[in-house]
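Down below are the structures I want you to see.
Look for subunit A in each of the two complexes below; its partner is subunit B in the first and subunit C in the second.
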Partner chain A sequence: MLVTAWAFYGLGSLAEGRLSWTVFTDPYIHRILGFSLKQAALSATIAVLLALPVARALYYLPELVGKSTFLALCLLCFVLPTLVLITGLVALLGSSGWLTPYLGKSWSLYGMQGILLAHLFLNSPFAIRAFYLQLQALPASSWLLARQLKLSSWQQWTLLEWPQLRARLLTVWVFIFVLCFNSFAVVLSLGGGPQATTLEVAIYQALKYDFNIPEALSLAWLQLLIAGSLYLLMTRFGSSGWLSADTAKLQFLPIPPRWQARLHQLSYYLAWVVLLLPLLALIPNLLQINAERFSKLTIMKPLLTTLSLGVTAAGLAVLLALLILSPIRKARLEYQTRKQWLLDGLANHHLVMPAMVLSVGLYVWCLKHLNLETWGMAFVVLVNTLGLVPFAIQQLKPRLFQFDDQYQHLAQQLKLNTLIYWHVLLPWLARDLQAAFLLCLLLAMGDVAIFSIFANDSWISLPWLIYSYAGSYRIVEASVLSFLFLLICAVLVFWLEKIKNQ
Partner chain B sequence: MKKSYFLSLLTLLSLGSVQAADKPVLTVYTYDSFVTEWGSGPKLEAAFEKICNCDLKLVAVEDGVSILNRLKVEGDKAKADVILGIDDGLMEEARATKLIAEHGQTLDKLSANLKWEDKDFLPYDYGYFAFIYDSSKIAKPVSSLKELVESDAKIIYQDPRTSTPGQGLMLWMKAVYGEQTTPAWQQLAKHTVTVTKGWWEAYSMFLEGGADYVLSYNTSPAYHVISDQKEQYKAALFSEGHVAQVELAALLKASQQPELGKQFLSFLISPEAQGIIPVTNWMLPVVDGVELPPVFSQLIQPQRIGFTPTEIAEKRADWIKEWRSAASK
Partner chain C sequence: MLVIQNLLLRRGSWQRRYDLQVEPSSIVTIQGRSGAGKSALLAAIAGFESVVDGDIQWQGQSLLPLAIEQRPVSMLFQEHNLFEHLSIAQNLKLGLKFSSEAARQTAIQAAAERLEISAYLRKRPSELSGGQRQRVALLRTLLRPEPIILLDEPFAELDAYTRELAAWWVRETAKAVQKTVLLVTHQHEDVERLADQNLIFE
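Take a look at the complex of A and B:
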């Protein structure tokens, strides 16, 4: 919270009456605002529409081959560093991509189509998981009843599935909308010029290209206003349990008619192919690297930078989450609902605050007061940590509440001192702590937006290096680094899934 | 010109680490392709370190405009003694930061046709912006900017906010179209593949076959002939004339090594350095009598059009707004 205030102080201080009001009347800004909203709405709508049939296929055909791997892949796609995906897309669909010759002469990856493709790839899997888990929550008794009443497939959909999915549909749509509205790396790499720029990228450009601080500040406020109100809107509709384990419990599912089963299979396998293609497109490039080019690649230093950045930020985020949750738990135990709600809001407020806005605020403050060359890295960690805290809280909260319900009385009766208390609590939490840490680590490692603001040339992260290569069309090098990064993320994701499913 | 085969950032890491403790260090901010192993940087560094008894440290800051932005960010806390790589289009804006010291060089060595008289900024090479095409694919290239704008040829150019060629195209469009620049930008946007942040990104995408024309320099074909033994890349000569770019170096007031800085500036326009720059940075020398490979005489020699640095400084912000407004439609 303090840091937010700090960032706003930064945002405010340099603006001192210089907040550029012309920004709000500039037709260019109107257009990028329009474009930001349009691409986010399109991305969210298409992602949701594509996810539905796949989620239904997963639900209706419990015997699908490789289903748990597919669910893990979905998670991987969602937390995948965007730059890895972008490299894959360029290798697949860029001007000399593998599929480009079949796409006709007028095809270009740059602009709206590229942005949409990348957003769909990143977000549809998330929607698939969310919808699938929601369908799983349908009680078996409903299906028994449906069987007795001999409901048709259409009736099953209107009476059972749709009411179950409806609320979730909207939450997922808004969530994807917010993510795409705040999308940075995708737009920066695949936008291809001013006709496809989002507000987030415009902030970066105002700051780094034009060195126009008033404009950057005004845009940051605008971004905060829109993303913030959208997020508040979303939290009103409840949260989405997309990360929960696949419960795979016994169901009295109707056996779909043969043609429907085929259709389900088709959409399932199609989803496999589509999700794997951009990742597999990296592989042929790996073969093209020769010893000379490979020896020129600096891998270790950026890799270590990224890992240490991620580990520090994730560790701090989990720690902070634990600390922040203490007063919330206390309020809950004392039935102070209002206080709990307020503290919850405070803890999660970084979800409303786009990382770019926070970074710009702090950056502007730093310009005046600190040497960014020495402190830049610290700020990258700081801002990343803050952005991750809500995710860590989301992971830890249910288990901690469970602990409170089951053992708090006992703990009080035994008059455990703090040390012993934590000694009991931590092993109980071990799995959840690991899961929270892994999730935060995955998200932190992929960060480009925050890094791009504070970065200087004396240290460089893996995603940023991939961005430089992909941007200058050195696809082979970008592919090698991306593939390495992908492997690391895949290991982490499967580890995470394992913990979750234990 | 910014010709390189490897990304600055990597080279930078290796360049930054070698430092002799006892020698004075002269730090130079420049653009990324200058410091790459194929660029002018390493060769100039070796030659200069032989005579200066110092350590020359070249720091890459993306593209030309970014050098100016970095200067503005750091103000008098800048770690550099010398900046190298802004151009005449950015000169007045750089001067307005009040961070630039006089270069203290006598200018009679410079070619008379440059007509250079500035006391703060020293030219080290120049060239003309031009669109490059592959003559094995395009038999009959466009012969004017208007023809290019009205064509449907796929083009790639650079962002005028970050890249000096991008800014050059902006001046070029303004010089040719005047009040009618907005519709011209809109027409150009219809067949623009992408607008990149820097020169190198655009040029490598072009070489990968990503476009018919790419914005670069009239000297670019010389690189392909000498380094690649490839004859097919040509610069299109436009009948309206071309905008020139004079690349400049300057000493910073905050420098702790003003004498060493001046020695470096003087070295830049020495026959030795002027012989290195054309075949590594792929631009034209600023002094007469430099012996150049024969391909240089086959380059197009355009008529020069454009604006004075003062005009550019006054209008640059407005023109950029006009561009981003028009190109975003």
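Take a look at the complex of A and C:
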């Protein structure tokens, strides 16, 4: 919260407290706002609609080939560094992409269609997992009763599936909307000029190119207001579990008729193809690189920069999440619902607080008070850490609440002191701490937005290097680095899945 | 002496008043139908249930101003008495205070042998049956230093043989170290084996 205030103080002090009111009447800004809302709404709606049949296929056909790998792939797509996906999409659908000749002359990856494609690729897998887990929570006894009463497929949908999915649909939609509304790297890379830009990118441009602080400040407030309201709506309706273990409750599950099973299989295998295509599109480019070009690539330093930034930010985020959760757990144990809700909101506000706003606020403060050559890296870690805290909290909270429900009375009864209490708690949390750390590491490694503000030429991260190559049309180099990055992320994702399913 | 004075507990529309005195070092069994307020009374003494009116005193001092952690009480719940992720031996270490590690080991080993659970010390709670878990938790509750012992249906999951074994061990241990025990049970044979005084809640 303090850092957020600090960032706004930074913006406010340089703008001398002035908001640029003309921003709110400027037709250009109206168009940007309209585009931001439209692309986010479309991305969220299509992602949800596409995810539903795949989630149902996963649920109704437990014997699907490669199901657990598919679920891991879904997780990989959600945490995939955006630049890796963008490189893959460019290799597949860009001006000289593999599929472009079949798409007609008017096809262009840049603009609304490219942004939608990238957002769908990144977020549909998240929705698939969320809906699948929600369906799995249907109790076996409900199916026992449904089959005993010989309910039709339609009745099963309206009486069992729909009531189970309804609440989750809205939260997933809002979550994806907020992510797309705050999306930066996708829009920066695939936006294609002023026709297709969002508030997040407009803030970046107002600062980096025009150095128009009052305009950046006004846009930041506008962005925060919209994303914040939606976040409030989302917390009002509950949270989205999507990383829980695959706890198969297959008892009494009805066997779908043959034509339905075929349809389920079709959507499942289609989802496989769609999710794999942009990733596999990187491979042909790998064959084009020769030893000389490969030796010119400086991989080690950016890789180490990315890993050390990621590890530090993820470690700090997990630690901070544990500390932040203490008062929330206390409020919950004391049945102080309002206080718990308020603390929860404060703890998660970085989910909607655009990283760009935070980075820019701190950046302008730094311009006056610090040497960015020395302190830039520290600020990249700081802002990344804050952005990751909500994800770490989401991972740790259910398990900590479970501990409180099961053992709080026992711990009090046994009069455990603080040291022994943590000695008991930490082994209970071990797997969740590892999972939270890995998830945060994956998310931190892909950061481009924060890095773009604080970076300088003396140190460069892997995604930023990919962005530079892709930006200068050196798609082969970008593909090689993206593939390497993809492999690292895949290893981390499979490790994360293993921990989750232990 | 443990004095429950005009104590009023309330949960929604349910409420109950209690008035009783328990002599130090005695064993009191409490019987009554479900919902009669037996567990609620134990929870109030331990500090988990809020008190509407009245007082709970131990040796002339009110327990009500004391936090759960400060009360001279060791309680066995109906469930969740063991941390599932820790071994039985680790679970048994918690809450015990002995002059030395050796003294603690000796006391635990002796009690575990009497309760026939010494073979399970290296295992995790999930590897034990309900009855075995219950005996582990009972052992720890009785070996703790607090003078008041509250046992909420401690033998519920035990078969006839281990029930008798555990009941005699509780009586012997409580008397040897002068504990004041309140024990909720539905079985009359527990009353016969253990009770200095039996209360029936209507």
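Here is the rule we go by: the second predicted complex is superposed on the first by the 473 of 502 C-alpha atoms of A that agree within 3 Å, B and C clash if a C-alpha of one lies under 4 Å from a C-alpha of the other, contacts with A are read in each partner's own complex, and residues count from 1 in each chain.
Assume contacts are C-beta pairs under 8 Å (C-beta built on N, C-alpha and C of every residue); 3 or more make two chains touch, one makes a residue touch a chain.
Here the structure is a predicted model, which means the values were calculated and not measured.
Using the contact criterion defined above for the overlaid structures, shared-chain residue A:427 touches subunit C, although it does not reach subunit B. By the touch criterion defined above, A:57 reaches neither subunit B nor subunit C. In the superposition on chain A, contact of A:325 is made with neither subunit B nor subunit C. Of the two partner chains placed by the overlay, only subunit B lies in contact with A:95; subunit C stays clear of it.
Contacts of A:128 after superposition: neither subunit B nor subunit C is touched. In the superposition on chain A, A:453 makes contact with neither subunit B nor subunit C.
For the contact definition in use here, the subunit B contact set and the subunit C contact set of subunit A share no residue.
Those residues of subunit A whose C-beta lies close enough to touch subunit B in the complex are 26-28, 31-32, 35, 94-96, 108, 110, 192-195, 197, 205, 208-211, 296, 298, 301, 367, 371, 373, 457-458, 460, 465, 468-469, 471-474.
Residues of subunit B touching subunit A in their complex: 6-10, 12-13, 16, 59-61, 65-66, 69, 72-73, 77, 79, 159, 161-162, 189, 192-198, 200-201, 204-205, 207-211, 320-321, 323-325, 327-329.
Residues of subunit C touching subunit A in their complex: 46-48, 68-69, 73-75, 77, 80-81, 83-86, 94-95, 144.
Residue ranges of subunit A in contact with subunit C, taken from their complex: 406-407, 409-410, 412-416, 420, 424, 427-428.
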